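Below, each structure is written out as structure tokens.
You will see chain A twice below: alongside chain B first, and alongside chain C after that.
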Partner chain A sequence: MAKLKMTVNGKAVGPHDVPDDLPMVVYLNDILGLTGTKFSCGIGVCRACVVMVEEPDGSITTRRTCIAGATSFADSKVTTVEGHATHGQLSAVQQAYVDNFAFQCGYCTSGFVNAGTALVEQLRENPVDKSQVEQAVQTGLGDHICRCSGYVRYFEAMRDLILSDTTLTKEG
Partner chain B sequence: MRLLKSLIILALAGGLGYLAFAFIWGFPSVEQRPITTDQATIDRGEYLTALGDCTSCHTAEDGASFAGGRFLETPFGGGLYSANITPSSQGIAGMTSAEFYQVLAFGADTVWRPIYPAMPYTSYHVVTRDDSDAIFAYLMSLDPVHAEVPANTLPFPYNIRLSLFGWNLLFADRSAFSPDPKRSDSWNRGAYLVTGLGHCGECHTPRNALGAMEPLERLIGAKLTGFEAPDITANGLTERGWTHKNLVTYFATGTGPQGTTFGEMHLAIKNSLSKANPEDQSAMASYLLNLDAAPSDVQETVEQETPPAFKAYDASAGRSLYLSNCSLCHGRDGRGVPSVMPALAGNSTVAQNDAVNLVLVVAWGLDASTDYGPMPSFADRLSDTEISDLVNYLRQSFSNLDLPLLQAADVRGTLNQN
Partner chain C sequence: MSQSVQLWTRRRLLIAGGALGAIEFLKPGLVSAFTADNISPVAPGWANPKNTDINYRVDGYAKVTGAKIYASDVRGTDLGGWPNDMSYATLVLSPQAEKTYLGLNLPALGDDLQPDRVITADDLDAAALAATGFFDTDLFCKPGTVPLYLGQPVAMLFYDDLATLHRAQQVLIGNSTIFKLGDAQPPADETPYGAYRFTRVAGDSPLGPDVYSPLLDGWVGPRRFRVTEAPVWGKPDATGTAPEQASYYGDQIRTEMKAGKSGKVYAQSFQTQSIDHVFMEPEAGLATYDANKGKLSLMLGVQSPQAILTAVGNLVKSAKPPKQVGEIDGHFASLGGGFGGKDHTIMPLYIALAGLYSPGRTVRLALNRYQQFQLGLKRHAFQIDNQLAVDPETGQFNAYACDLTCNGGGRANFSTVVAHVGATNASSIYYVPKSDVTATASKSIAVPAGSMRGFGTLQTMTAMECLVDEIAVDLGKDPFDLRRQNVLQTGYLNLTGNAASGASRSAEVLDRMEQGALWQNRAQDKADYEAANPGKTYGIGVACVMKDYGGGGDATRASVSLSPDGKITLHSDGVEMGTGLSTASARRVGDYLGRNADVVEMFVQGAWDALRLETSGNAWAITQADQDKGAQNPRWVPLIASPTGASVGASVNSHGPAQAAYVIMRYGLYPAARSIWGEGPLGGEAGAEFVTFDKMRWVDGKLTGVGMEPLTLEQLAARAHRDGLVTGAMVHGFNRWSWTTAIFPIGGESLTLAIDALAIQQGSDEWSLIDRTEVNFPSAQFEKVGVNYYATCGAVVGLGVDKVSGEVDVQAVYQVLECGRPIVPDLVSGIAQGGIAMGIGYALHEDLPLYQEGPGDGTWNLNRYHVPKSLNVPVWKTIVDVLDPLSETDPPKGMGEVVMIPVVPAILNGIHDAVGARINSLPATPDKIRKAL
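So, the complex of A and B:
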């Protein structure tokens, strides 16, 4: 057992007594009541369970919550799919997915929202050449699985969103 | 002036002497034989080519099979590109079976262009001429691939090819395979394959400063770049739990109770050992475990639920790290999930004495293979102390050997060297 506290969607949570091998996705779903993060394959392959994590240096990464214990997130700053919209207003990434009809059943969507947002944040720090955008989307989202086959629409949504924001790219 | 003249004469005499040595000793002359073209020989050659794992080095990533161009890093700075061994003008077109055998077994078919020992003629010298001819027949039956191989990037003085004859004189054995009449046919077949076409020692035997295998340290485990090739002597294998049956399963599938293949060995399993027939797989296992015959299906030792605690040490930090970072895939008890997640309990990599591979896998992770998904890397998330705590917990809990405990400095040392 460990005393666990962290920041989730900007709010301090815990301390909670949790077993060392409690999966983070179960902690989010059952203890914090944040059910938007989905458990799917359970072996770290499909990436439906991906959340965003802000590292101590301020950089944004993603982590899979089905294969990582909640205690490995101790004192981290985590963002789940519930933490993106503000005052009922979808984030740019969420809106792009809606506009492109990217998802159907929606089970993979929280993972795509977190990975897409992390990609945007990473590009804001390190913009890429416009010709490299498709590759960046492929690298950022390419491992995520969508059983309804929304891949092309997720891909186009992210590509168009990145190309429409001049702070994310640079001229070659 | 006189001294200079003497030195020049001495250098010239030395050079001419060395050239004469290269011409006389450089490569034994062998009997000319016509290329065999019957299908049975070509098929046998295809099988032997797989056993020799020619494709793993002679095929570039995403390149055509056997067309060469794969970069082979050396410890001397720079590296070599493997040759095109298809029957094209950039490859082996125009070669005779005698020249092919000379290159395969002795590393040279001309005094001007000896081959670097990255090509394992240092092992292939035990391959019989008949087997060499069958391999040649198979390669010559392939479609020619017209692909130029880039120039090697070895620095001076390693780029002086002629010097290789001196290296060969010092280090390259030329003896043919001699079966041990006291051992079984299966053991001898295994010996022929392991020491010859299988060229296992090329990775698993340590090398000296000039890159030659140490003859007295055969198969005790070695490190070239990145991961370590473990100890595969009979003692080393038995100690880490390998049995004949599990070794054969590992050759055939790349996985088994002692773990799954990764790094360079993944290619050796995929392209070579898994293609060996069951008799040859069994023979290689028999030789490596020093058995004359495959043991009858004995009851495997039942794994202990709780291995004995060898050392007084505080496992709590390591156990917490294991539960939090590893157990969700590998299981609380380290048994993994069959065919999905490798077991750590009884895993041969966990039981390696110096823990180099275990530290590297934890720190770097592993790429996905054809059978398993990727293993995440933990170097960014766990400190050296945490990795040493975790590795100590793994080794004390999931191996039946009394392995040394690691300190954070050992982890840092391993990571800095790689």
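So, the complex of A and C:
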């Protein structure tokens, strides 16, 4: 049992008494009431449970919350799907997904929102050639499973979003 | 601003009364006692400012912001009036079905993981709780007996502490030590669930009349089953009963084929595998039980709410104290689908039990993915033995014989229906003058199989499309020419002896496929691919299918209301499965009201009292006499509600809203416009023109016609409310391979609509029921049709095969779809793209052993079950081409299932084109391809 505290969606949470083996997704869903992070396979394969984490150096990564204990996020800065829109305004990635009819049931969407956002942030630091955008999307989202969409509209949404932001690409 | 209000309040259904099994709907007064829980956000921005078009799905905002819209999101604190104290339940599922189960060995869990409570079969017996009706099975395996099937529950464990539950669930994965087992025993009973024989002999014309057919002479079942479980058909007799005639004609067809009288016979033995739906949300729900009031409350995510609550009613109808239930309060999450896997799922019965055995607490029962594999419904595995007799000179198909068996596993679900739907679609897009198809739904100890996208036709049409490809190659004919030559043309009779609804456009689909770049450039693509990929061979495959939609008994309930300021509110009892029904329904209202619904509430279960509907009998088996008797009562309908399945979202569920909107337009907005245009001396601006309803047009969100001043919906709504015109309409519709039509006295006219019940609002919130004066339900004979609504879809697939490893890499897919009038084209193409990915998984990757070492053993998850990821799908080279409708009045056709089918045989045909290997057993794994080479 540990006294767990962290920052979630910009707000300090905790301290909470949390067993070492309680998965982060359960902590988010049942302790914090943030059910946007989804449990699906429970073994880290499908990535529906992915959240964003800001590293100490300011870089953005993603982590799977179904295979990681909540205590492993101690003192981390975590962003879940609930933390992207501001004042009702969708983020660019969220907007791209809805504009492209990217998902159907939507259960995988929170993972795609976080992965897509992390990809954008990574490209902002390290832009890619325009000719490599599709490969970058594949690398950024390719491990996520979606059963409904065939991935086409998720990928097209991200490609078009990246190509529309000149800070994310460079001329090859 | 448009919004989607998603209240649990309306997505709930209460049943009560002395006989719960009979279902009695409570009065609205009791419904209003419930506290609304508006825990879903509005969906800003989904429509354009004028609300005449859409920007994105109604539920798009909710889904990208993580709103609580799934059953698994909900906790007790989310539901007003539910206990905040939570308990957590988990099922213990048997990993074997060969040995006697003697009981639980709970100490194997360890001292710290002992449950707070346990229920077993003995507890259910003591309380007289039993699954009957559709779910007629032992909910828990009884000690001393052999489990009925792999994965059968043996107990439910309860934990009041969440962390302990999670530890226990981890320990239970693949754990056999918790079970006390006895000796090996043979399965108790493997008599098939049912069988059918569909025999047809055409007359002189493909248009009919037939000599013999299921439509003319009735559907045929076996006399009995042999010990070997094979059906025994009637004694052949040309003048005997229908089953005897079927045997006579069917045997004759097969004898002629065997004797070579029907042409060259191509035989095929084809096997399809069991797979899992892998909907991303594992099944979950909440329950709470108030023992003092006898009230059981449920929070579920299902595709068939009424059927499920009927089943829960059956479960508790004979319960003894202290488990007696006088009222069931069902709540439903806004998303209920899962490719068919949440249609008639048994999981809600266990959720109900969880509640009954934790009075005063809110209990959550949620499957983890291992349990979902172990307990969840599966796709039926098929064995298909096809024979197609073809004139080797002309390529004409002369006769078709098929024997198919589908494995339903150890608990009856929809296996017999899957068998007959697979059988009646087995000839794919082709016309064959003589056919004899037998279909058997077998029983086994496998994890139970049920409804899944494709519903038997995926299996049978895949086999047929591979067989046709084989014939084309053998006869040296172009695959498109052979298909076009034999295609079922408009009016031609299908396997049951019935003509398809509307024009057949399969030949157009084939033409478009052939014209596509993927086919036209195939030689260059092959050369380029093989040059760039040494050791790999390029192949191209084609296939085209026509899939039925509809269930032969489909109902829709909907209401549309217009506020004085022109806001449109839509309620529908259709279930949003993720495919976008809520968006499509909102959009379809705009056909008549000029813009989308502003408020959309789907899954509404408790708002239809104004229609005062009554029903009796079984809509699928009713006699004509009983239907005629029922029709004398203007409140009577053959079926009140039905699941959202069988691809009926567009065709049935959006029909109700469209009809309701039409009534408002015809008797509310049109007379309101006439009133406004007629103001002034001598009839104002309309006085000099001949203004009629058929001239009305919505232009840029305003109503005009015959040169009249365009009017906004706000103007029209205000006038309609002021004058007491029709401002709301509530409807019920019923389809049995044809729409019910009825005449209603309204506006001084007799209006014929494709509905059977109507209530209206006239400038207020009050509903007035309008009794129909005449009704025409589809004849009871229509139940013999079996299939008549079709959508056609074809696929061309380019792929590479590694000649050493046998690995297949799908390079590009070009899919052509005919689905009538797409309501929301972006939704249609998105569903099609998803269908292609699912088809790729079925063709190449997904496979579950039926028995030992299969999902019933509790060790399966996505680490060993391969769902296609993006690298398995030609994401950047997937093209979906939808044929334009013949006119804007084409009905929207159900297309959710058909779009996953043709890619499967096209891949198999592409593999043959690439390496010459004919794979007749799914999935086409590298190992099978290597062996075939």
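Here is the rule we use: the second predicted complex is superposed on the first by the 171 of 172 C-alpha atoms of A that agree within 3 Å, B and C clash if a C-alpha of one lies under 4 Å from a C-alpha of the other, contacts with A are read in each partner's own complex, and residues count from 1 in each chain.
Methods note: a residue touches a chain if its C-beta (ideal position, glycine included) is under 8 Å from a C-beta of that chain, and two chains touch if they have at least 3 such contacts.
Being a predicted model, the structure only gives us computed values, none of them experimental.
S.K.: Could you tell me whether chain B and chain C fit or clash when both sit on chain A in the superposition?
M.R.: Verdict on chain A: chain B and chain C fit.
S.K.: Give one of first, second, both or neither to describe whether A:V120 is in contact with chain B, with chain C, with both, or with none.
M.R.: neither
S.K.: Consider the C-alpha centres of chain B and chain C from the C-alpha centre of chain A, and write down the angle between them to the nearest 10 degrees.
M.R.: 90
S.K.: A:V81 contacts which: chain B (first), chain C (second), both, neither?
M.R.: The second partner, chain C, only.
S.K.: When the two structures are overlaid on chain A, which partner does A:P19 contact: first (chain B), second (chain C), both, or neither?
M.R.: both
S.K.: Quick one: name whichever of chain B and chain C touches more residues of chain A.
M.R.: Of chain B and chain C, more residues of chain A lie in contact with C.
S.K.: Regarding the shared-chain residue A:I43, is it in contact with chain B (first), chain C (second), both, or neither?
M.R.: Touch status of A:I43: both partners.
S.K.: Which holds for A:I67: it touches chain B only (first), chain C only (second), both, or neither?
M.R.: It touches chain B, and chain C stays clear.
S.K.: Have a look at where A:V8 lands relative to chain B and chain C in the superposition and call it first, second, both or neither.
M.R.: Touch status of A:V8: no partner.
S.K.: So, A:D30: does it touch chain B (first), chain C (second), both, or neither?
M.R.: A:D30 sits against chain C, while chain B stays out of touch.
S.K.: Working from the superposed arrangement, determine the closest approach of chain B to chain C, counting only CA atoms, in whole Å.
M.R.: Minimum C-alpha separation, chain B to chain C, in the superposed model is 5 Å.
S.K.: Quick check on the output: what are the common chain A residues between the chain B footprint and the chain C footprint?
M.R.: 19, 21, 23, 42-43, 45
S.K.: In the complex of these two chains, what residues of chain A are touching chain C?
M.R.: So the residues of chain A touching chain C come out as 19, 21-23, 26, 29-30, 33-43, 45-46, 48, 80-82, 84-85, 88, 90, 94, 97-99, 101-110, 113, 134, 138, 141-153, 155.
S.K.: Which stretch or stretches of chain B touch chain A in the complex?
M.R.: Per the stated touch rule, the residues are 319-320, 323-325, 327-329, 332, 337, 340-341, 373, 376, 381.
S.K.: Okay, in this complex, where on chain C does chain A touch?
M.R.: Listed in rising order, the residues are 44, 46, 55-57, 59-70, 72-73, 75, 77, 162-163, 166-167, 278-282, 335, 337-339, 366, 368-370, 577-580, 826-827, 830-831, 833-838, 861-863, 867, 869-871, 873, 875-876, 878.
S.K.: Okay, in this complex, where on chain A does chain B touch?
M.R.: Interface residues on chain A, with respect to chain B: 2, 19-21, 23, 42-45, 64, 66-72.
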